[in-house]
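In this document, chain identifiers A, B, C, D and E correspond to the written order of the chains, with residue numbering beginning at 1 in each.
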Amino acid sequence: ALAASKGTIYYMVPTLLDEFQTGSVTAITKFMGDVGYDVKALNADNKTDVQQGQMNDVIALKPSAIILAAVDFDALKPQVEAARAAGIPVMIFDRQITATKSDLTSVAGTVEIGYVAADQIQRLLKEKNGAVKGKVLQVLGDPGDPYTLDIQKGFEEKMKAFPDVTIISKPAMQWEASNAGSIVADQILANPDIDLVFVHAAHLAVAAVASLEAAGKKPGDVLLVSSNGAPVGLDLIRKGWEQVEVEQPLFAQAAALAMFADKVVNKQELKPGRYDVLGLEGTLTNEAWGPNIKLPGAAITKDNVDDPKFWGNMKTPETPVKSVE
Amino acid sequence: MVSPRRRAAIELVLDNLVWFILAVVLAIFSIAVPNYFQIGIFANIVEQSTFVATLSIGLSLLIIAGYMDLSIESVMALAAMVVGILFAKSGVGIGLTLDPEWLIVPASLVIALAVGALVGASNAFFVVRLRMNAFIVTLAAYIWGRGLVVALSGGRSAQELPPALRFLAIERFLSFPLIAWVSIVATLAFAFILNKTPFGRHLLLIGGNAQAAYRAGINVDRLTAITFVIAGAMAGLAGWLLAIRTSGATANLGVGMLFQAFAAVVIGGVSLKGGVGSLTGVYAGVLLLASIQTAINLMGLPAHFTQLIQGGMVLVAVLLDTVKLSIRKKLI
Amino acid sequence: MSTEPLLVLDGITKNFGAIEALKGVSFSMRGGEVVALLGDNGAGKSTLVKIISGGLERSGGRMVYDGREISFSSPAEAKAAGIETVYQDLSLCTNVDVVANFFMGREIVKRFLGIPVLQERAMEAVTAKAIADAGTRIPSLRTNVEHLSGGQRQAIELNRFVHWGGKLVLLDEPFAALGVEQTRRGLDMIKKVAAQGIGVIIITHIMTQAFQVADRMVVIRQGQVAGDVRTAETSADEVVRMITGEAAKAVPGTREDARTTGVA
Amino acid sequence: MVSPRRRAAIELVLDNLVWFILAVVLAIFSIAVPNYFQIGIFANIVEQSTFVATLSIGLSLLIIAGYMDLSIESVMALAAMVVGILFAKSGVGIGLTLDPEWLIVPASLVIALAVGALVGASNAFFVVRLRMNAFIVTLAAYIWGRGLVVALSGGRSAQELPPALRFLAIERFLSFPLIAWVSIVATLAFAFILNKTPFGRHLLLIGGNAQAAYRAGINVDRLTAITFVIAGAMAGLAGWLLAIRTSGATANLGVGMLFQAFAAVVIGGVSLKGGVGSLTGVYAGVLLLASIQTAINLMGLPAHFTQLIQGGMVLVAVLLDTVKLSIRKKLI
Amino acid sequence: MSTEPLLVLDGITKNFGAIEALKGVSFSMRGGEVVALLGDNGAGKSTLVKIISGGLERSGGRMVYDGREISFSSPAEAKAAGIETVYQDLSLCTNVDVVANFFMGREIVKRFLGIPVLQERAMEAVTAKAIADAGTRIPSLRTNVEHLSGGQRQAIELNRFVHWGGKLVLLDEPFAALGVEQTRRGLDMIKKVAAQGIGVIIITHIMTQAFQVADRMVVIRQGQVAGDVRTAETSADEVVRMITGEAAKAVPGTREDARTTGVA
């Protein structure tokens, strides 16, 4: 896009073992490129201490800014403070840090994903059983990962109102797909009346579907809901195995950072208000932890699955993002 | 003092103690855990054991020969991902098709085995030719192998293997899916090789005293290299089976199976010092671990406690095994 | 006894880092000859044996075996060329049973569909006979060697060589742990083996054993040949003096002689 | 043939080869990687080495004595989480305060050491008293230890340790933070113990030939048990340091450090067969791994390839180490 | 030689699973006495020695040492009671040097601030003297034992016992790998040790050694005492016959005698 780069921005990605994170590297690199910044990504492999070390190293490099998707939310607080003390602006991506000030936060909200999922699951149960009742198998990610715990929190909070819904929660250790497959295989035998399976990431849905298929189920026999909107999830919707994918607006989240990058790098003030981010409406507010732009997640169903705005369709928007003036 | 006949009986039990422990544990779970006692659950246990059991074959052979291989987990994932990328229809899969369709079974199998054997050969090169420490060489391969999975897939998943492959995970023979039978047959075949052929005998000798074996004219280097290749190929086979069961592959597929394989190998009676072990015992060890995992899946435990309980159960399982020693001492 | 030399060593040297274990050892021997290799502790006897048997690489010197100049790079090669060795530090696998040790590397197999299958019974029968012939009692051939006494272990190692014939046998203190009767049978066996035309090099510290069995005695002292005499032409006292160095001057030219024989 | 003096010089280099490799690697990175050559980066390397270095102390001692301990990583996390829960102010922390404030330093340190020593003692009980295999006992502890962290914290993190503790991570002496000095001092102390005291000598003897040591009247069981407790306590210390650096603890804190510790121990010249090793070499191994990791951070490689490259670099580092053997053979 | 028995064995038995290695061994000895323990391979000699030295638990029988009935549960206890042992299967750590092996478990230390610190120089000096006295040449006391010859290793093990005195010394084939001169010095040493009132049990297969040094000979045959005779009153031939069993009937009542002595 631009002849001369305005500088380098480091993106601290928590892991590359799930498709959302992989996609985020591509999207952030693209959008930041649109507004004139080079992006280098560092993968922390889901290790908080590794990410802390990476932050320390990057601070020594004095980049234009750091984008942080923390492995463990607030645990990165000391490094965020160190970076800002060194004059390097820090933008928070996807995983909100509220314990300390940062220069811009762009999130859909992990608890909110749980809310959206709960709404959709209530609808699906009602369609199937006539009322919001039945049995739901919730396959969590790793029980030591707050990301999955937040989704669980949001989901269960909203489901409290429906005592007729039994929720069985089992963790897929280390987010490993075949663990999820085994849980589904075992539970479908122990509880043949399971109506719906809710997995916390689309790559877990792959193994869950394989287990359902091996158990002789046909698409739709057991409902399936997943979160994060990865490409495999959308494929499963097209094939009828999955009913709903709760999408995290990856593109918009990334684009929002790019739109304000110049202002953040130049330490200018961000004006609260509503902004159009790739067609989604983002709300920028000033919170205790600094400017915060929130982008609403969406439910993907068979009806809208082909919409190119979903990152899972992997059509990174062609039109360049423009800096907010 | 015990009569010879009773002693023989006790010896038989002790020699196959893992199997007896397995039976006891299954009985306890069947009584204590609701829904545990049903053929479907037992079939699930056998099915879930498939991958670790297949991994454990090569690992056991290497440990018996006095080496080890930490790379097998990553090699399995790599083979699964290669199969996934080539033959799966969605995600990162490019969905190759063959004519006739069934050709995909041997083709994908050969590819998976080749991927595994290749990494095994690389490990062998460093360990046997360059005399590097097997632990560190295979640790490096564990890291770069998983790295290669991520690099190849870009962190994404491959999904939907064609039915010509998938039937191996769906069709059942005596209520176990075909993939489980593959691992059972492989275990039996290698158990035969270990116990009844010169190759197996030489592995035991090398594990017991490599210098003595070398002096006796056994080609220690060649045998060691072959065993690394076998371990790699078996990991490739495990990957092939895992891909078929998952109907594709994800970037973190099989994470944590290395530790399970090690635990199974030790529970199964293979000495980490080398020179001692049997593959049927190892298979029982795998089943034991899978039984525990299944019980945890079925018990209404809060998610946060599963790992705690898993660790405790492994300890108890091995504790039972050590009872063996004291019985042997006292009764014989 | 043939006239062609079976083995010629010419100026063999061996360094371990700074240590010169062998400083140029030369002698030769014929098939059917029994040579006692004598010398003090640390003289270099075992090192020499390991060099001949392919277990160690020599630092210098020439070795001619069976008419060809050779350089074994592994014990397997030496074995293939007909050299059998009984090592001082026993080469047994204590994790397996007596039979497995006896047949180590040369198991009896039968092929089924091309797959070689171990013949345990056949191997057990052979082992039982060999051990009984040696006068050794072993509770069960199926016990792991780790449960055997020192002498029982040595008996396994000593007796398995007889089974494989070969052309040259190297025995490094093979009777050190054997009982009186077992030693007597061992000495007889060596004579029998030599009578078949096989060359034997035996290392021992017991003079009576050397004098009972050897045709010739080669004494190594601090890595060099300090004496090379026919048994008939020497006495125990003289040999002990060679070993301890008191008689070093009494056998001048011995090395020269050996070399001449070697080249011949 | 080489002159004795030159041989002595070569021996010196070879005995400390890890340090030389480290120097070479640092030099190469300094030239090749932009921004690598600055005191801040070297300080980062030392700081990042703190935890693995501390873990490696106990691991090395146990490996030298012929055992191993897989639980250290989880024990470290457990100690960190206990400290985090007790003293951190937000998240799952309950924010205990002491008066005077500085008392928190010894109090939290003692708690962390005690947590570690306790797990170490439990491992020792199973291994020494019940004669269970150390690998499997500590593997179980690795699983239940991490499980306990998850159970205690509910998977959440504790944040914000009070400044009275945090200053150890912030204040610097000779440009290294104080926590790094703690691990350096601990390494030197145990290096002294290993090389110069009967305790260390006996560990080497046990690792070389436990039976000989036993016959010589050394109390092998007691020494082994003590070493397990030390390994646990050192893991506790590592957890304390890690909590201070993190300013709290997360449920997955330190995942993967076990492998790093093993790699460092092997690169540092400790034989996994027991009986051989030095702690200073191990510290160099830790620094070497951290240097590689830092170089990868700074090189700006595509993130998908980092793991691949990391595995390769570990291999190369050890490859250099094996050059040692061939040099030794040829030149001396 | 004192009159009180130093060691009394009464009906010692030992089973390894189905195998009865010792079937009731009884004899006694006094301080300053040298007893040669003779017997065929696998007779049970080493097993008996290990039982006395605390390395193995006996299955049955009584043991009185120094006037008290005892039962050592570890070699450390036996050592503390003054029993030194040289084992047949050497007990050396090949991964450390000669000095560390020589002082294994009894290192010389100096305390600094209460911390015991190894005194390497002092230990090296002591080791050097002991090895030289034994007539053994070792290239460097700082080489790891894995690089030493069989005889050099045995010399370390044999000579370290002298240093620690004690009341009873058990030597299990201590000269098996030693050279002529080293063996001679070893035999002298045993006589010196016995002259100090220390009891010595020595196992050997070489009759001349037994006759040179022993006051009495106890023959074990298949786990039982097959003969217990004063050296002065027997001959090599007779002893060999006891060992091989041909003379089993020639020494009736030997076991009875031994037991009587034991109870006295």
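Methods note: contacts are C-beta pairs under 8 Å (C-beta built on N, C-alpha and C of every residue); 3 or more make two chains touch, one makes a residue touch a chain.
On a predicted model such as this, the values are computed, not experimentally measured, just so you know.
Novice: Hopping along touching chains only, can you work out the least number of steps from chain A to chain B?
Specialist: The least step count works out to 1.
Novice: Could you pull out the chain whose C-alpha mean position is farthest off from that of chain B?
Specialist: E
Novice: Could you work out how far the Cα centre of chain A sits from that of chain D, in whole Å?
Specialist: Centre-to-centre distance between chain A and chain D: 34 Å.
Novice: Using mean CA coordinates as chain centres, what's the chain A-chain C distance in Å?
Specialist: The computed centroid separation for chain A versus chain C comes out at 74 Å.
Novice: Approximately how many whole Å separate the CA-defined centres of chain C and chain E?
Specialist: 29
Novice: Just give me the whole-number Å value for how far the CA centre of chain C lies from that of chain D.
Specialist: 49
Novice: What parts of chain C, by residue number, touch at least two of the other chains?
Specialist: none
Novice: Of all residues in chain B, which are in touch with two or more distinct other chains?
Specialist: Residues 150, 154-155, 304, 306-307.
Novice: Can you list the residues of chain A that touch 2 or more other chains?
Specialist: Each of 16, 22, 143 in chain A touches at least two other chains.
Novice: Where on chain D does chain E make contact in their complex?
Specialist: Residues in contact with chain E: 196-198, 201-202, 204-205, 207-209, 211-219, 274-276.
Novice: Flag every residue of chain C that touches chain E in the complex, lowest number first.
Specialist: 16, 19, 39-42, 46, 88-89, 136-139, 147-152, 155, 173, 176-183, 205-208, 240, 243-244
Novice: Can you list the chain A residues touching chain B in their complex?
Specialist: 16-19, 21-22, 140, 143, 168-171, 173-179, 181-183, 185-187, 189-191, 202-203, 206-207, 209-210, 213-214, 230-232, 235-236, 239
Novice: Any idea which chain C residues touch chain B in the complex?
Specialist: 53, 55, 74-76, 79-80, 85, 87, 90-96, 100, 104-107, 109, 115-118
Novice: Give every residue of chain D touching chain A within the complex, in rising order.
Specialist: Where chain D meets chain A, its residues are 35, 38, 40-41, 44, 47-48, 51, 90-91, 146, 149-150, 154-157, 159-160, 166, 169, 242, 245-257, 293-294, 297-298, 300, 302-304, 306-307.
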